[in-house]
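Shared chain: chain A. Partners: chain B in the first complex, chain C in the second.
Up next, the complex of A and B:
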């Protein structure tokens, strides 16, 4: 079988789809074993004037795809739920989206919940810690100090506010589920174990608002510090030394205050949105 | 391990196996040599499975990208051409599914002008009995199923995706084709 080669007319007929099915099958069976006839088929098709152009064009496209960096798992996941590729890249480069970060968040939440379970009936340690975790995620998500794509975003025609919000959403979307799972295990009745949720949003919102004045990591430190001071003050007011006062935050009035703070922060961000473009350029808006 | 390939030599004279081994090591010019050698017949053969040239071009392109990425998965004992055809036909199915539109297998007219002579068929060794006549005598939809499952070695499910019909239909058509072939050959 390999001693004989396919006639050129047959190869032409094969390429033009004008041979019978049995002949096509015979030719294909022979082609799989005979390198010479594969070359011969290439020579037959190369006669057509447009074929070499197509060959080179396809090769260029193959080279482009070979050179293109492969998408990371998170980018492919985001793409599969309909996020545009450019947005997915912006999200995937958020430091807080790395596995190490998520593991760290889960560990901190787990220890806080474990301490709460051993300690009493209110998840106060989770309340202290949980709002700080998304806060630090946001602090590292943009700005010159910690954002790995900062240099690129300086040069890119990209709205600073859009970048900031995309990254913030990325941080919240990954950190919050971990914390929500932690709150299931936390002590407390009903919605009490979710008492950290509104404070967390309020802290992030205020941090974003402050970022329109100072660098984001400083804003996050300031807000986090303020949060701790507020808790200490609340605790100190109660001379008995219980954490009863802390439960103010779990009460509807305390939740309402944090909600108002969150909305106020968002309003400031909206009002000062142009400052975020400056921040991208200068690192710290002044 | 196989012998180390000669890096300095002219790659157009290398064997396919040597080229694939070089591609696995990240040699881009080896990919080029393999592409020039195999693109024409892969394209021609896929054109017999799908009548849309754009779909075929995309599948061929996908095939070489896949070869570049997965050259290390080729087991050095097989024939690279067969390995590449296995990738190509599955990439074709993938592209068709992705575009979620079905381009029918080329509908050859029964009395199309043919260049086949009896001698040709004897040479290629499929003309035992009147197998060739029997295959050509099959209705187009049965022939497509025989082609996909027997000649291309696809599973029932893959053949169903390629032809855009349910798996059950592939099985019943294969059964009908078998009965008809048996009738024609005995």
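Up next, the complex of A and C:
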């Protein structure tokens, strides 16, 4: 290094990180005040592609770390159980993955169980209510009314059915454990308190199938209403016996029927999978 | 260096109905690379047509071919979407997302799954729209103009060959609109851009071609200059409002500008794009605004 400007060999050494820390510090101090040497550094970097490549790589690393977006709690939790980062990003927008939804589900289930405990030895309220909870979770997971990015999502190359199923699995994965815990706490013997499980899957499956024609929130409302009407009609027609036998749906034969309905719904979804790639228009045309 | 195929849009007798309402009625268009503007009053069928171009809506009848592929086939539709950018009329955002998060989310939808590649691409498009400094701010904290730019940024992911923009300048102030013009003319590159707007100035400034749609039907298809020329010798100025004019309004310099059949000896003025547009759809525009 001359007293006026930094020697070119030193600049190359600086770029290649081969000078001592003290020399590097002296060079940096000089570069701060000398425009000519900064130009010289630029010229040296230009003729030293290996070192400039290293610098670029270092800069890229820094950028990746500093500019990395902060992941939401749900994304971090999903990542910790092995869900791919890109899938977690898709799931993060699902309302059913938010704490508020989980608290709501837990409260509804707790009230149902409490009412059943006070009422007698059958978990009838839990059996009626539990299938509706994942149903409405699914209804809010996608669709034109509740997903603000719906139209952009439909125009994207990711399959609409895949996005729908990813979010449906997300809803089921968060809602079902809460309901299972409620079932353990509910009155009843054997598998009785788990009688809601197959109807829940059937209702979700039919809702998904209907969502290939109409908006999912409308489909969920229609299916939920049909579920309640079916229970009332069956109980009214079969006046004798307890809730399980009069409602029929929670008896073994009824469970078989709900399983068939679940499979049939899934078959319709598979048959109409490309319909999920097109928009369901709910507003006025323009 | 690889050469991209020339982006094209081909519509043949495309019709879309909502119940008894015919939103798009037998539209046939062939659009080459460059910027094409769709002009038309509210309810003219612009958004429906753009949704069809964005492949999110299927027409009831007619053929749509984008980038050499038919939108009727599911596999072809997927291939088109890989090369398509779309800004809907009212782009929504998830409340908890920052600008970066939102564009990153759309990048996942666009199947850019490698995180590093995706993040680099997200930074690139946010830089293109000038949002680097606020990219980690939550979207709800951004101004309306910035949100529009976020929406445009997501459409630019992957340097699409076909850009479909539904009223991209809605809600932008004059300076932001100028910035948008600059952005689009640089970011669009050699792509085919189809945009709808109510701003005739945008069409005149940006578009090589303009299509006027009204009642679901194409009423004009040509250059902005040609649209202005429709009003040649049919625009005049006077001190008083002339009741024979099809349309008349007071200008900033105190004169009344008329569009229609001028009376003998009228002071003829230079026609603009908006004059030609108003001649085509003027009566219905007046009815809507009254």
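The definition used in the following text is that the second predicted complex is superposed on the first by the 196 of 286 C-alpha atoms of A that agree within 3 Å, B and C clash if a C-alpha of one lies under 4 Å from a C-alpha of the other, contacts with A are read in each partner's own complex, and residues count from 1 in each chain.
FYI, a contact is a pair of C-beta atoms (placed from the backbone, for glycine too) under 8 Å apart; a residue touches a chain by one contact, two chains touch by 3 or more.
All values derive from a computational prediction rather than experimental measurement.
Trainee: Thinking of the overlay built on chain A, is A:19 touched by chain B (first), by chain C (second), by both, or by neither?
Mentor: It touches chain B, and chain C stays clear.
Trainee: Determine, under the contact definition given at the top, whether A:41 touches first (chain B), second (chain C), both, or neither.
Mentor: Touch status of A:41: first partner only.
Trainee: Looking at A:82, would you say it contacts chain B, chain C, both, or neither? Reply first, second, both or neither.
Mentor: So A:82 meets neither chain B nor chain C here.
Trainee: Report for A:29: first if it touches chain B alone, second if chain C alone, otherwise both or neither.
Mentor: Touch status of A:29: first partner only.
Trainee: Both chain B and chain C touch chain A; at which residues?
Mentor: In chain A, residues 63 are touched by chain B and also by chain C.
Trainee: Once bound in the complex, which stretches of chain C touch chain A?
Mentor: Residues of chain C touching chain A: 18, 21, 23, 42-48, 51, 54-58, 74, 77-78, 81-82, 84, 86, 88-89, 91-94, 96, 98, 100-102, 104-106, 108-111, 113, 115-116, 118-119, 123, 135-136, 154.
Trainee: Under the touch definition given earlier, write down the residues of chain A that touch chain B in their complex.
Mentor: It is residues 1, 4, 6-7, 9-10, 12-15, 17-33, 35, 38-39, 41-42, 44-46, 54-55, 58-59, 61-63, 65-66 of chain A that touch chain B.
Trainee: Would you tell me which residues of chain A are touching chain C in their complex?
Mentor: 63-64, 67-70, 72, 84-86, 89-90, 92-93, 147-159, 163, 274, 277-279, 281, 284-286
Trainee: Which of the residues in chain B come into contact with chain A in the complex?
Mentor: 16, 28, 31-32, 35-41, 43-45, 47-48, 57, 60-61, 64-65, 68, 79, 81-82, 85, 106, 108, 112-116, 120-121, 123-127, 131-133, 135-136, 138, 143, 147, 151
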